[in-house]
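Encoded as structure tokens, here's the structure I'll be asking about.
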Amino acid sequence: MITTLDTPVLSRVTDKISFKDFNLWYGDNHVLKDINVRIKSNIVTAFMGPSGCGKSTLLRSIDRMNDIIPICRIEGDIVIDDVNIYDEDVDVYELRKRIGMVFQKPNPFPMSIYDNIAYGPKLHNMGKGEELDRIVETSLRGAALWDEVKDRLHESAFSLSGGQQQRLCIARALSINPEIILMDEPCSALDPIATIKIEALMRELKEKYTVVLVTHNLQQAARVSEMTAFMYLGEIIEFGSTRDIFENPQNELTENYITGKFG
Amino acid sequence: MTRRDERPIEGALFFSAILAIIILGLIFVFLVKESLPIFSEVNVLEFLLGREWFPASFTNPRFGALPLITGSFLVVITATMIAVPIGIMTAVYIAEIADERVREIVKPMIEILAGIPSVVYGFIALVLLSDIVHSVFNTTYRLNALNGAIILSIMILPTIISIAEDSIVAVPKDYKEASLAMGATRLETIRHVTLPAASSGITVAIMLGIGRAVGETMAVLMATGNSPVATLDIFHSVETMTAVIAVEMGEVVFGSDHYSALFAIGLVLFVITFTINLIVDLAIHRKGSLRR
Amino acid sequence: MKKKTSEKLVFSFLKAVAAMIVVVVVGLVGYILVNGLPVLSFKFLTKPPSNGMLAGGISSAIAGTLMIMILTMVFAIPIGVGAAIFLSEYTDKVDPRIIRMVRLSINNLAGVPSIVYGLLGLGLFVLFMGFRFSVLSASLTLSFLTLPVIIAASEEALRNVPMAYREASLALGATKWETTRNVVIPTALPGIMTACILGLSRAAGETAPLLMTGAAYYIPRFSGSIFKQFMALSTHIFFMSTQSPNPSLTRPIQYGTIAVLLIIVLSMNFAAIIIRSRYRRRFR
């Protein structure tokens, strides 16, 4: 079902993340070219495009996870809440605390379910003992996983199914109380039933968080997001409300991608 | 701010890594420093080629290190000639022919062999092996080069086998499958495809085995009779470079010519093993980049 | 038909060669245990040598070996594991040429003969730094010697930790060291322990470096001080079988000592193998 960005929603939504003339290179490879988009709060924004178009790299720029790659070089700004996150005096660890990330393949730590969720809060001194227990429960509820694991919090995270592990990772991302949630093809390693559950979760999450989704699944982007960007070879080809993109694409490339002429 | 300032920890870790370079440098520095004095008594060629090693003589101390060098050479080459064929054959067997259950027995056995301390091997050579060698070959000297070579070959087998086996296993399956698909037998595939493909790795295995053999001290010390004679007769008692240092260092006056001469032998030893390791390291590094 | 039979023959020959090795190993270990185990008794293990080394037990040697093993690990583990952590996690912060030199040095140090380490120990610790013949000099020397073993195996264990764990930790706002300390090291711990046990087993079995840095033929009363000379199992075997006044008379003592050393070393190797195989199964 294609969602629309109608006026009541528009009024409570603000610019959360703004890319301004953002360029990124891996060595000599110009991976992101003149990105200028404004991602809004409390909606799901989807980035879609064929393999290698740079959508994952764009996502990872938001929480500066590309910093860990030595040959990565950037130019331009990414502004979150009026602060350019690439400024010299920005504390990248605090930045990452405000942003939760979910990866393509579920990657729980080799620890118990409880310890996985408690990891972030303990790191940032967000609470101990009972307080910590409450944070763990809240996070697991937020990921719709609490009822399934509440009696086995101290079992290994690997005892969960693939879909449950991914929801665990979502809960882990929620545990640090972020404002933004980044999801890099979160369902690509999961079966259809698990995918449905996570898509439902995305719709709930946007109430409290800014959700940015990268997906290679067109239908998922159409189902879940309010705004969609189409990327190709490192550039944003088209960006607008999901309904407009899918029903009335302006660019020929976009139209070809949507109609399946390439992908 | 303390959560962010990780520089002390990173510095400590960096220092730990750099220590390897420092230690290697220290070895070289101390060997040269302590052996310099002897080279004011004897020039380098006299030292390396002199056939008489009598450093403890009061009246006429002689510092010819050739007997020790030939001693090491004799024992090491003989040991290599024994261990290499056996080692490669075993490696081939483990990698290509044996089934899983057999492998589960043989591989731990080889690890045990690798874990036995050298002084234990020396004891065996002294007490058991020398009697066996004596009765089989009817030797004049109970402790001789052959005795040392045999025990040494047992000691370097694990090195040769494990590295050779790794290289054989690393040969891409496609090569073997292509050969078999053309109708070659397993043996023919091993002989004509697998072994040639693994040859550089096997060469490395042999070189590292030789390096290990050159550096071995206790086993040869207890097995060869410790008689510094420049000979190529494997039934004769000999003394290796490693053994002479261990045996005589306890009797020298620190700072004396004898002391310095022993360090000089240590320097020769170090240069030999360093060269072998350098060649191996460069060969592996080049091979690795060739693979790309 | 001929091809098949000749192949069978060759394979049988290879099998025989491998079998011969197994026989040699079993024979060696068996020979030692058969001759050495009967000698072992509570008295043998807890009493020092007596009667001019012709009788008595080996308690001083056992104590010496244990002290050296512990002190060596105290020096070698922090530095070795530290270096491994640096090489595995922190190399992007440093000029690659330095890293290359470090790796080259480690590989070379692995090939340096133990007697040369002994010479270094003699020149550096005993004489230059003035520690004289002592447990301290010996342990420092052995810690240099076991460093390559510990570094190489620990680095491998650290590299085997999936990148995904590190990414998850960093994405939650952890620093590099916090990630290393809280996620990478605990995950790699079995592998690191294996590395340390293997290093320890090396330290227990070494003889030549000890001869050059402080092992004594006989110490009347073991003081327990790390600044004094010591006896050790490995050197005891050497002295008893080559330097003692009557080696054939004391043969039983020699067998007993070897048996103790062999049991210590082999059980450590065995423990390392078990830890390693259980750890490998975790990642399947």
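Just so it is clear, A, B and C label the chains in written order, and each chain counts residues from 1 on its own.
In this section, a contact is a pair of C-beta atoms (placed from the backbone, for glycine too) under 8 Å apart; a residue touches a chain by one contact, two chains touch by 3 or more.
Just so you know, these numbers come straight off a predicted model, no measurement behind them.
Asks: By C-alpha centroids, what is the most central chain here?
Replies: When every chain is reduced to its C-alpha mean, the one closest to the whole-protein mean is C.
Asks: By CA centroid distance, what chain is farthest from chain A?
Replies: Ranked by distance of C-alpha centres from chain A, the top chain is B.
Asks: Chain A to chain C: how many Å between their CA centres?
Replies: For chain A versus chain C, the centre distance works out to 49 Å.
Asks: Determine the centre-to-centre distance between chain A and chain B, using the mean Cα coordinates as centres, and give it in whole Å.
Replies: It comes to 56 Å between the two C-alpha centres.
Asks: Using the average of all C-alpha atoms in each chain as its centre, how far is it in Å between chain B and chain C?
Replies: 17
Asks: At least two partner chains per residue is the criterion; list those residues in chain B.
Replies: 3-4
Asks: By residue number and range, which residues of chain A touch two or more other chains?
Replies: Chain A, residues with two or more chain partners: 93.
Asks: Could you pull out the residues of chain C that touch at least 2 other chains?
Replies: In chain C, residues 175, 178 touch at least two other chains, as defined above.
Asks: Help me check something: in the complex, which residues belonging to chain C touch chain A?
Replies: For this pair, the touching residues of chain C are 92, 162, 164-165, 167-175, 178, 182-183, 187, 282.
Asks: With touch defined as at the start, can you tell me which chain C residues reach chain B in the complex?
Replies: Those in contact with chain B are residues 3-4, 6-7, 10-11, 13-15, 17-18, 20-22, 24-26, 28-29, 31-32, 78-80, 82-83, 85-87, 90, 93-94, 98, 101-102, 104-120, 122-124, 127-128, 144, 147-148, 151, 175-178, 201, 204-208, 211-212, 234-235, 237-238, 241-242, 251, 254, 258, 261-262, 265-266, 269, 273.
Asks: Report the residues of chain B in contact with chain C in the complex, numbered from low to high.
Replies: 3-4, 6, 9-10, 12-21, 23-24, 26-27, 30-31, 33-34, 86, 89-90, 92-94, 97-98, 102, 105-106, 108-113, 115-120, 122-124, 126-128, 154, 157, 185-187, 208, 211-212, 214-218, 222, 242, 245-246, 249-250, 254, 262-263, 266, 269-270, 273-274, 276-278, 280-281
Asks: Sort out for me which residues of chain A touch chain C in the complex.
Replies: Residues in contact with chain C: 63, 65, 68, 70, 93-97, 99-101, 103, 105, 107-110, 119-120, 123-124, 169, 172-173, 175-176.
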